[in-house]
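Working notes for the structure below.
To keep things simple, chains are lettered A, B, C and D as they appear, and every chain counts its residues starting from 1.
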């Protein structure tokens, strides 16, 4: 197979490239440069110094050429950009894995409200298949790859919601993320002297992953009320920890929790449910794992779930490869790292 | 005044020493070495390299000599150690500021359960005055200085609880702390290669500040139910962020929240209530401030409070000096830094 | 005294403000906003969130008003900006402490070459007094405050060069700095995801502190040859470590080295020469100290000096206050922190 | 092939395990527990939480069983331990890759002096082949895998020394390392609150990699004098930067330097010589690359080389796999990551 990547110079594009170079089914990776308006040709090794032996041209972006020369396309382009590009691929039913947020929400108005950008058309949105890999089988050739916070949160909540174990208005998610989640663009909040030795709550009640999470939760249980979802920037480069709190519907035990989580994840290669204790972020960084632990506090009658992922792997490019594997009916874990990295 | 410090080589002892050197009422600081069983004399500059021009002897610990030579004593000794030392001072009603957790809880059994150590006697405990500086006036000469997490959490919750604005069983605190909170002792969780680029939930539902927080909350409103309180270690040296969630009792507005917080803090020199937005940790590190911001999410019907402190200043030694100031009827902010440090 | 600060929103301006609020001789600090071209009035607390209780106006910049209302002026403005502003103060012989690099070099051509900016005039440059506080007494009312790297390096080299202990062509300085040294401006190299977990050599053989160092070294010994000076950015916010290597002229011993360093620093309040061992950066951060240690390797016949400072204190605003103290004939350490901060 | 690993729970053992799971020639990895004196059986997933799905037993250490069941053995055991275990493998000429420092030095006295431990016998030492992979072809079945600092330094110096381009008494190496280089053992210098926001020069003129470097340099040019070699601990987990200074013998140009480096590395898969500029540490972390850049300063007549590696990959386990590949005559880069990780 030949794979096209648009947006390789961003963080998720870069990680995607790394993963694809190790994928046994990918013979060649072709890079396309959407952002470049000039005639100057760019090369991968000049953009990403860590890739200094990858002297690969970023080709001029051309949808027809991309479809002619490749078997699958990955969009690692920013929200607001991707939706401008999707039409030719949807028309031809060409396999696309879209890492941006543009095609995740079915409701165009909702998109415009949360993303403050022009939405794709309702027709276009209807053709995208939301690819939470552990739960959703592709229903079309266009996969909307989930957001990083949404992945960690939904995998942590799924068993509770599907099994209707928690009070529908009780869910609170205190999610923490590394700085790479905000992308490569320079910003005051990613300046080292600001975020180092700091923690910073941002986009208060306005994070664009909230409607994405709610859309999926309501598919699982339409009675679920809007969750409280808070995002805190941490002084780390990679990783997300979603700490989830909820009140149980009835008598809750650790045994019941364990049973519920194992029911959904026992056969999933990338979700590791802890027998006891809680995972930390470095358990999963540089891997495609989502590790999930839980505790129940009888005193406060509160379930706590801790779900951790690498925002750039399981929360972006790793899940994208996983979705490609599913779309092409390969084993779900083909070409993805088997073990985490430590230290 | 002359001030005695026992436990100067620990983190809070060290910061306390720094603060006392800048305090206009303190003419001399005398250091006492409780831990040293040997005959070798230790000097401050040999223990703390940052203090290399402070060639000050750590005197042999002797309660009678301490009382003879000083006007006030600070215990910066570990929990379990302090309680063994308190009796002579209580008997003589000698002024003590105790930074350890040993004398904070009135209930000796509760202490033993949460601290896994032998408690002080009920008589001794009864003589200690829990010194949450913004709310409690010393009722005795023995001040039990609050814990770091307890300070950030109680200051964030006080207006809500005193004004009975929140449902009594709805409080969830997701608190994050820097590594200095765990002290100088070597531990796997404070090894750089573990906690760097990581976040780590520890002492799940078992942190010893939970009963301390509950004891004070129940004084404010005896109907308050046990809160959910979670502690996450962050890769920073100093600072605590307590993110507090609660459901309002009745219609909640930002105006009401602001009114409640200003009611209690308008005249407090070390609590800064934000007009809008939320504070980050570096707003307060190296200062004695507690900065508090709030938000209300109508969709999820959740109040969110963010309360930040420097765990070693407002959460330990700064509040200890503040308590000394109160005990000796000086202005509350005497000798404490006026502005935060940035960057 | 009243002190004017121009450029308070930059890192060194911010730290300067903190220091001046604690200075016993400064009754009032007046802030002036040079950069603001608009009519909108700015306030300190809105610019620096850590200063949220400092609701102080940034006044319109006006040289005449500044001189009328103040006793001393601090420029914390960028290189290239300051030189445009100096003339009125030089004419009136008004006391100025200039933290920028604009007036440090006596040679205007040399300035233009290394700073890539237009230099002040030769007349203006002649009126500035280079204020390496431990060695230079003000010869005019205009103090050019030394650069951060220059301070650490010169204090580390001074005894060796003044005593002619090293071969004149053998000096190599491997200097490391925290990110705050590069200022608040957004740049790829201060993005958290770049410099975290990294080390980065920059401005190779082109750092603008090289001519500043050479100018002073040649005053001490005109035979000194151009040193090798390398700057490496470290993932820390504050602090500089200058590791200095040189070959001794004749038989070198630790005793001789110690004697030389103590000769120059024994009565200097802010230089701490180590009896043994080498200092680390945190020994001095948040203080005005420069700690210096040394070692001699007989095998390689190499002297190694390690000199550490806080780039924003001793390397900028702390030394600026020290220079103000000297200019106004106060004790050199007036208003400056007595002890370092730890941890 | 089946591979045995002794010492899997240390940092280099852990990384080695990760690499071996991805190696196409390794069918099975067998783990042996040398340190465990008790009867309790340990499992990999219980020791390393990041490996929580690797429920693999640590077998009792038994040299005969190891040789019977495996084709190659990796020692990831500490210095002082390995030498006690080597004899059976040397006797049987069994393939061993030894990551410890015990068998690198040919001179037993020198080992004892620098390691402060009992050396292996001269006979044993004679049978080991020092495996600087780019330069040394295995001369026996026992490969002494180079140290991390030695690898970065030797690869940076090799062309200069082999081509006799630098003055033999002029080499100074200012090397910086992440904390993982000091291993998992708890120590004051790896406590987060110490090394975070710090830089720390350690083992001044006493680092045990100095004789290892000198031994190899003298093979390349016996006239080389003892280098100055300084090690500075940085607040990063992984990575080494060796900044190397030397004076050229005769007229030096960038062209000559480039020619010399390309001569030795043009066909080496894991050394990337930069056409211009200098590498930073994150260019190579999580890869087996050594990136080398250089500059020449005509003013100071100093060559500067910057050589960066991941201390746990190219500086330990990655080079160990590379050496296994060479020993078994596979392509040198078999099973090793093709591209670096970023960010």
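One rule holds for everything that comes next: a residue touches a chain if its C-beta (ideal position, glycine included) is under 8 Å from a C-beta of that chain, and two chains touch if they have at least 3 such contacts.
Bear in mind the structure is a predicted one, so any value in this text is a computation, not a measurement.
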item	value
Shortest path length from chain A to chain C (each step joins two touching chains)	1
Between chain B and its twin chain D, rotation from the CA superposition, multiple of 5 degrees	180
Most remote chain, CA-based centroid, reference being chain A	C
Separation of mean Cα positions, chain D and chain B [Å, integer]	46
Centre-to-centre distance between chain B and chain A (centres being mean Cα positions), rounded to whole Å	39
Distance from the mean Cα position of chain D to that of chain A, given in whole angstrom	36
For chain A, residues contacting two or more additional chains	11, 180, 184, 193, 197, 235-238, 280, 282, 343
Parts of chain D lying in touch with chain B, wherever the complex brings them together	11, 179-180, 184, 186-188, 190-193, 195-197, 235-237
Touch list for chain B against partner chain C, complex	11, 14-15, 17-18, 21-22, 48-54, 180, 184, 197, 237-238, 272, 274, 279-280, 282-284, 286-287, 289, 291, 312, 337-343
Of chain D, residues touching chain C in the complex	169, 172, 174, 176, 178, 193-194, 197-201, 204-205, 225-230, 232, 234-239, 241, 243, 245, 278, 280-282, 285, 295, 297, 299-302, 304, 306, 343
